[in-house]
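Encoded as structure tokens, here's the structure I'll be asking about.
When the chains are written out, they are named A, B, C, D, E and F in that same order, and each has its own residue count from 1.
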């Protein structure tokens, strides 16, 4: 599956893909559930009241970004909205990146990480971030954990399925995942067949003979037979039905 | 009073000043109480659930940016966080700008306005915005009214005192306003005296003879006498006491 | 009429408005017919062949930006696509700006002008440009006059109606102008009535009572009566018919 | 050969090198003939007329970006001017990238590609692009095939020789290619000798003893002997003659 | 005189014009002699050594930006190189702007000013700056006074003649000023005549009939007669001689 | 050691780290002593005087960037301040990069390099630069060698210890190096232990149980024992003393 196959734009969700972030490991795909953290520029008047309430509620240590990290479960993606600020310092460095790797699926930080040199070569983890800078996170306060946040120009809900590849990150409503996976399989087969025909038809076919779909009846039949064989008759029939309903 | 006299940075609130916004009328100052609106990129799955809940709660019309505008009281400033997006269209045009002028104190929109040509020459209102563009607001959903929002790199709370001049906008915790006003009066007198001496001392004083404060005992006395006369003996004594405590 | 009232986005032409250009005189509106010029980065191999062909065709002076200026007629707008380049120098300075003022309606240059100080205070002309810089235009060649050009992210055809105000510039297909003017008149009346009601209803109406349209039957009637009186019965009936067809 | 050895700037063509594009495979060099495509922001009024004319001319399918792709021959480079727009979506994805690989030499797109994750690891093709984004190309229309186009700040003619390496892309008038290749060979030998001497002369020579050329007669002789040996006497004599004429 | 008439680019000094700075009063021209100040990001190790040396040399107060301001003489322009940094705070506010106005000719700050609202409406002074921000200058140290500095992409020497208008700022070697003034007078007369002819010749002349120079012998004579009359015979003869030598 | 372990920000030197430069080889670390070169935009009036003085002082070849390169000693880092300008061309290409590799430790150029394709795959050297472009350096003049320079927003002194990794470059006052190395060793051990515990404690510890330090007495003891063992008793005692003094 790839960002393109997910195709949130085609599915009426044009805002759910984010690019422009740095990609820690372009060869690794990120997939998991969003645990969200919102950090806003600190203001002492609010931070003090919040801290007092937090302590009065029986919490032993202050509420900060590690409060969210402590909540990570296997399969979670740590999604931190720092408003794109790199100047506020790195939310995680090598130690916390290692913690994320050990306990969850990856991270998306619309802000900075730090100690890139202690992370990139050693921590084998899919991650996305705005920039890398030595100082630790500062000048911010937690304004919410597992609330809706803005990452780039996307709205992320806690529990969203997060998918990342070298193109960027998609935030997917969970109820749409099954449909996307089904469709991605068809797209995948379609693309395999298309490339196979381009390979075979070098110098014989022009691009529109095959892509996005053939118009020659023999080629149409060949494609449908290929699909049926790869999917099996049951899944093929289901697909044909879905396709019919869309038209 | 000016952005510089407010001096939030000196008061331990380095994040509460925002520049980089367009200024509708550089000659008008904005002062009022923040009513905040948060708009995030729309996602159909969330917007539909929200709309149903909102209707079920007995509301007759959908929740949108006008829901917040309807709440404006005299003295309010309409503060809308659109994440800086101009492409999402204008939150207000000439009609709603006129409504804000008629019913409240001004606006700060981290996003677009529209119909600048119908607003700038006719609507005599202090306003700040990221850009101007013809289309109306679209592709967003309301995610909160009177919640904490991010404007530029500032955190704004509902009820903050908003002050704007041609330099930018400050968001001030209400309990600090009295102290700021007292201090601004002193700063104002200090600056009047400083300029008066520069005027009188042209070619005689260099800048450090007078500013930021004189070291010559005669000039020090002259300044203190000026302050006492302008403030009156009571206010002067209070100020001298405050000054002593800071040292 | 204003950029907002033209509303090309609402009319299925989302790409025809351009902002981000400098506005020479925000208080003057630009209206006229586009005469287009395309300048591309010069390459000696092409420029030499072009020059030879141009001369062979009987032209006495080289083809350059003044070739297009020489063609300007009253009512024309000089629209020059320089690909946004300011470094290539000013296409016009005070003399040619004066020529444009004397012979035509204004200019839109996606590139530089020069001698801003000789133009802004003296030449009373609507104009839009990317930047101002002392050197004259250089390092470019003419690749077309009265061909389709790109200005910002708009496609401009020769003969387009150009409308500019302080918000930006719209390039309008000529056959749509009459419809836009008719609609703009309605919008104008609508906005006048809306503001009048906001003025009268201060503290009594909230924004949605009046805008974008009232739901109270008495207010609806009041609005329709206002429209009919201002438009006259014939134009009002035409408008009601158009409105009916759109629904 | 490298961008630096081509040296279009030294040859009176300062505008023919483009950087700032993403490089698909930094280790692969692009070399081929430009087939150009121009896409401009769509406007319905023009697109409809164009489509009708195109159909009337006997074309069965609409004119779009694949019309240009269909024309690719072995050795061609697909050069698409989208005005730098990434928001308009990807001109090619994995299927069409594969088609380009199968049928031609590579691509330069001043706009977006899509499905980077389906292209980068699998399609072994030199390519340059502005950004990657999931949606397919939209909101544009074809305004020309094999016409002069602007890529970055370069003017590209159909038939130009396109050369790309990790530094960027050069667009070379075909009649200059032979001269560039001859010169590049000399530069290459010069650089090999220079580095050899730096290696041998570590701690003995400073940079100006060797580069850009030696002044010591013995070193000059050594260099000339090296050149003569590597080039052979005939080519060396030709080069010495060319060098003499330049001086 | 204007930036365009100074024409440093034409005179072999292509780097001496700077744009992109904010212009305090577009209607006021700046002219004076550069007094330069260089501020670099502070580093405690250097600042401490510098401060000790400065004190040991008998200076009573620390070396800071006011040390340079204290040196201003009538006719001086305060030119401060802060490397473009606005985040370092305002080098001058309302008091020091007033001091500059009282004692010298204006300022060019490649960094911030503060208290724009206390300066713009009250201090009638030509000034150029990168941005305006409330905090005072901090996080920098003086690394030189009256040394060569970089402003934008220009190299400024102490003693340069500084000329500013709404287009930007030029830094002129003093020995070139007389020649520029002479030439600017000719340009001015040329432009007056050109505009006069465009005015008179509306609908009769195209732009190239008059500009940049006429080819019709009668018009050439008319122009030369005009020049001679305005300059007087002596100055005209000198100019004709200069013109001859350039050809 | 990494940028994060150096931690100049924590040590009262917040301006000594630079990011935003291109990294030639992310896997190679740069370490050496700064030899600084300052290049400013050329102005003929100054360059001619400088050249004459330089020649009169007995120098045989002109003062240019190679004058600085000639001074490089083993262990030096070539640090060139070109004011961030890429348009001025490449300060070094493949030959001079090879010279730097042969004779010194690496380079940091706040400007361009050229012939990236001749450097990146062949020259195994740590280097940092703003951009790559084919033309050679031009339009600049040397204004100083081994003087303080600005690189990004850092102030660099000749003799500074330069440290670079994939995160960016730090410029370190030499007297601080020993302290940094001592501290870095502790940080390294701390991070090794932290990651070991995260590995062992997967699903058992949350992040704050271990990081930044444990609060559980048994874990504290375990950490101290680990430290003592790794450092040896003498170094451990020294560290405990230093730690005590800081508190």
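Here, contacts are C-beta pairs under 8 Å (C-beta built on N, C-alpha and C of every residue); 3 or more make two chains touch, one makes a residue touch a chain.
Remember, it's a predicted structure, so these values are computed and weren't measured experimentally.
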The chains touching both subunit C and subunit D are none
Chain-touch separation of subunit D and subunit E, in steps, is 2
Top of the farthest list for subunit C, CA-centroid basis, is F
Top of the farthest list for subunit E, CA-centroid basis, is A
Given over half shared residue numbers means same and under half means different, the subunit B/subunit C interface is different
Expressed in whole Å, how far the mean CA point of subunit A lies from that of subunit D is 34
Chain-centre distance (mean CA atoms) for subunit A and subunit E, in whole Å, is 51
Note: subunit F sits from subunit B at a C-alpha centroid distance in Å of 41
Shared-interface residues of subunit D (touching two or more other chains) are 14
Contact graph of the chains (line, ring, star, complete, other): other
Here the pairs of chains that touch are A-B, A-D, A-F, B-C, B-E, C-D, C-E, D-F, E-F
Subunit C residues touching subunit E in their complex are 61, 66, 69-70, 90, 93-96, 98-99, 102-103, 114-118, 120-121, 131-135
Per the touch rule, the subunit A residues reaching subunit B in their complex are 12-16, 40-46, 83, 85, 139, 141, 143, 148, 150, 153-155, 157, 173, 175-176
In the complex, subunit F touches subunit A at residues 2-10, 14, 17, 19, 26-27, 29, 165-168, 170, 191, 194-195, 198-199, 202-203, 206-208, 211-212
